[in-house]
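Across the two complexes that follow, chain A remains constant while its partner is chain B and subsequently chain C.
Right, the complex of A and B next:
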């Protein structure tokens, strides 16, 4: 039985002459917390957009839970949850009304009960009656996470989930991601450019540089081979030479 | 059963879309303005008719005293439906603008909220969103037209001197149907560019420019109707000069001159068509509106289905 939740082969996305993602062949196993690391503009968000069916690839294939994101996009969507970098919801509606709408749209049975369970899991049931427009970035991110897991997806895609959060918000979100993976068995596919995120949250890592996958391994093996977080940073800089030189 | 389950996201999106635009202040203000003008149109029609009637009754007294022959009452010679002729102008002016804003807001509300990526990753087809928005627009326009119809029906029922027979009520019903169709064209235009434009301003500006062209520019080319005359429901139906230029433009461009088509239909249905008016357009006015509404509706639905769903907001 195929245990891969995400599987891409030669996945490519071009905008005119520019290839945002080049021949990406990648697989993520069920239950993994996969950290997709890369500089800004490396092609991480484009990859997530293709895997979440928001963007059609130029060439190559991508399967999510065995369903093609192009030919079986509807089926693929039943298995995914998505939290964009800047979570935006209907500001003039309460958190509960937002969640009810997205739960129904995802075909969740008994949505009210599922919302309560989800908010309890995320420890934010008190937010339910409040207008989303009044939320801080951290609270908005929490409700954004809630809308993405209401239907208990097999794989959760997070695009720079801690971007713009304060240290406490980052820690809370990181803990939630780990709990989500442990308690629900949800596979996590997380874009980030923060090495600290990877070392503390992920079980495996992929590094994207200028649209190409330049490194892929488990965190266990990486730590075995390279040691501490600072070594992980050195590894990252060594596999992304062009950008690193450019940045320097 | 299968169909019911498949339609569930569409129904949900329709109710969500309607609830969202109901909260939009601009939409509410324009809709309110339109309905106020419907009342004004009814009042103006009643007032003008009452004045003519009062003058006629005074003249009758005077002429009776003079022993002269009493002519028939001009009010009774006019169809009571003509009382509503100002409606045609208000529909093509403020009604069309309100429709553009409603159509635009149906899309802009989601784009501004930044929820498109969240919607597009749910198990529904892109076309479901397009269909839901189109149906929501039809419901919103139908509600607007129904309110107008209720106000005008109440006016007729409140004025005992104006009795409508069965044919009159039927013509009035068809007039509202055609008004709804005309408003839908502009609503779909608003929806189309709300989805296709990269900025919110451009998304509103293009349909408004199209509306200006259809209402004021095209009638000038096809029938030599200047913009001021176009605001008058009766003078806008004056015959075009009998030159070869207007013969050709009227025939060829007439089907695209939707404001004129709507006025012709209104004049026919509300009985204020000048007896000498000659329609030179290649296809019937009702067919123009029907084709335009269906065509722009299909394009708008497709534009919504093909929107760039990766972006949470305009120019994001």
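Right, the complex of A and C next:
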């Protein structure tokens, strides 16, 4: 059995003439916390959409836990958790009702107990009876994360998880991600703009530029070679030389 | 088996609970009930006036020393009182259908929840079936409530207890109303699921509503010469049946167009069926049910076909992820 949780070959997504993702060949090993960097419009969200079976690739293949996201999408989905950017859930339902809904859809046995365990893990059991509509962005993100890990997925996809959070919220989230990775062994695949987050959270990074993978290595090797955090920024800027044409 | 059905029920259950909390849907349903009761009251008053006129005429005849038994007692069909109710179901029922369908899709868009549902290990058909099941359940319970209240109101106003056949007629019209509202539910759902921008979906659905519920039946009615003269053109002109047929033949293209406009409208099919089954249209009043059903079965088939076609459209197309996260 191979150790790759995510494995893509020549993965490509085109919108008309424009290739949002170009011949992406990328592997992420079990247990990694992978940070996916890139400018606005680089193709990060498009990649996550393909890996979470939302979007059909134009060409190439992608496997999640050995299952093809196109031909075995139902099987692949059993292994993934997904937290979209700005996740919101149902405002008029309590946190528990929201989680119960997704637990049932994920086929979780004994959902009530699993919800309690998950909320305890995320240190937010008190949120359960409250309406999600009344939540701040940080709390919504927490329930969004709870929803994604109820079924204890092998790999968790996070799209810009820190977007819109205050520094405290960012720190809390970072700690949760690291704990999730350590305690459950969940592989993390995380899109981000924030270089500062990468060095603190991730074990490896990839840099996408205009749909193409321009850099891929472990954080260890990067710091070994380039030293401090500011050099990581230099590295990032050096591998993404031109501001993407269409980027805002 | 349980694995196939359970996600469908989960999605349906959530939507039903959610719709019950939706003030706008509750308000529209209350409005439908209220408008129906008003229509029934108005019909009852009109009936009382008719009865009074009859009694007066009869008294007049007796006063003149004539035999009053030559004028027959007017036939009274309590279900006829439901005309206004049926018309409200046509118009407001369609709106409620569209709104429930719209919110079934709109409530998932822009909150990323549709994307989350689609990345769960369930099939697209299970998601859609859950939505349609919820819509059907909400519409059915609303209609059952409306028809029970209307039936009780008819009994209260007319003082006549409905016989089992009358109740059967009500049940048939209620089922047709269910199909009718379901067609508009599917219209609202499909457009809100597929439209690039949500407001466009509502605009499109209500354009269809305007064309098929309000305009098409009106055009059909206005173009029908029989509707322009009380009692019908031929009757007023005292033209004999063979001549009527002859005259109508020279207007056959006109009649085809007029009929075509009516046939395109689910509203008209529902109305033709309901007016016949309930005896609201005079030619059917007091007629036995079975021959009426046989004659109007095609209208029921049309309603079924329209709902089925929209359903097929819904299930045949793959969900577009570009719509999943956009408001």
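Keep this in mind: the second predicted complex is superposed on the first by the 243 of 248 C-alpha atoms of A that agree within 3 Å, B and C clash if a C-alpha of one lies under 4 Å from a C-alpha of the other, contacts with A are read in each partner's own complex, and residues count from 1 in each chain.
One rule holds in what follows: a residue touches a chain if its C-beta (ideal position, glycine included) is under 8 Å from a C-beta of that chain, and two chains touch if they have at least 3 such contacts.
Here the structure is a predicted model, which is why all the values come from computation and not from measurement.
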{"item": "Clash or fit (per the criteria above) of chain B with chain C on chain A", "value": "clash"}
{"item": "First (chain B), second (chain C), both or neither touched by A:53", "value": "both"}
{"item": "Which of chain B and chain C A:9 touches, first, second, both or neither", "value": "neither"}
{"item": "Partner chain(s) touched by A:225 [first = chain B, second = chain C, both, neither]", "value": "neither"}
{"item": "Contacts of A:86 with chain B and chain C, given as first, second, both or neither", "value": "both"}
{"item": "Contacts of A:106 with chain B and chain C, given as first, second, both or neither", "value": "both"}
{"item": "Touching both chain B and chain C, residues of chain A", "value": "49, 52-55, 74-75, 77-78, 80, 82, 84, 86, 88-92, 101-102, 104-107, 147"}
{"item": "Residues of chain C touching chain A in the complex", "value": "3, 6-7, 10-11, 14, 18, 21, 107, 110-113, 115-123, 321, 324-325"}
{"item": "Parts of chain A lying in touch with chain B, wherever the complex brings them together", "value": "49, 52-55, 74-75, 77-78, 80-82, 84, 86, 88-92, 101-102, 104-107, 147"}
{"item": "In the complex with chain A, residue positions of chain B that touch it", "value": "8-9, 12-13, 16, 20, 23, 113-115, 117-125, 309-310, 312-313"}
{"item": "Interfacial residue positions of chain A with respect to chain C in the complex", "value": "49, 52-55, 74-75, 77-78, 80, 82, 84-93, 101-102, 104-107, 147"}
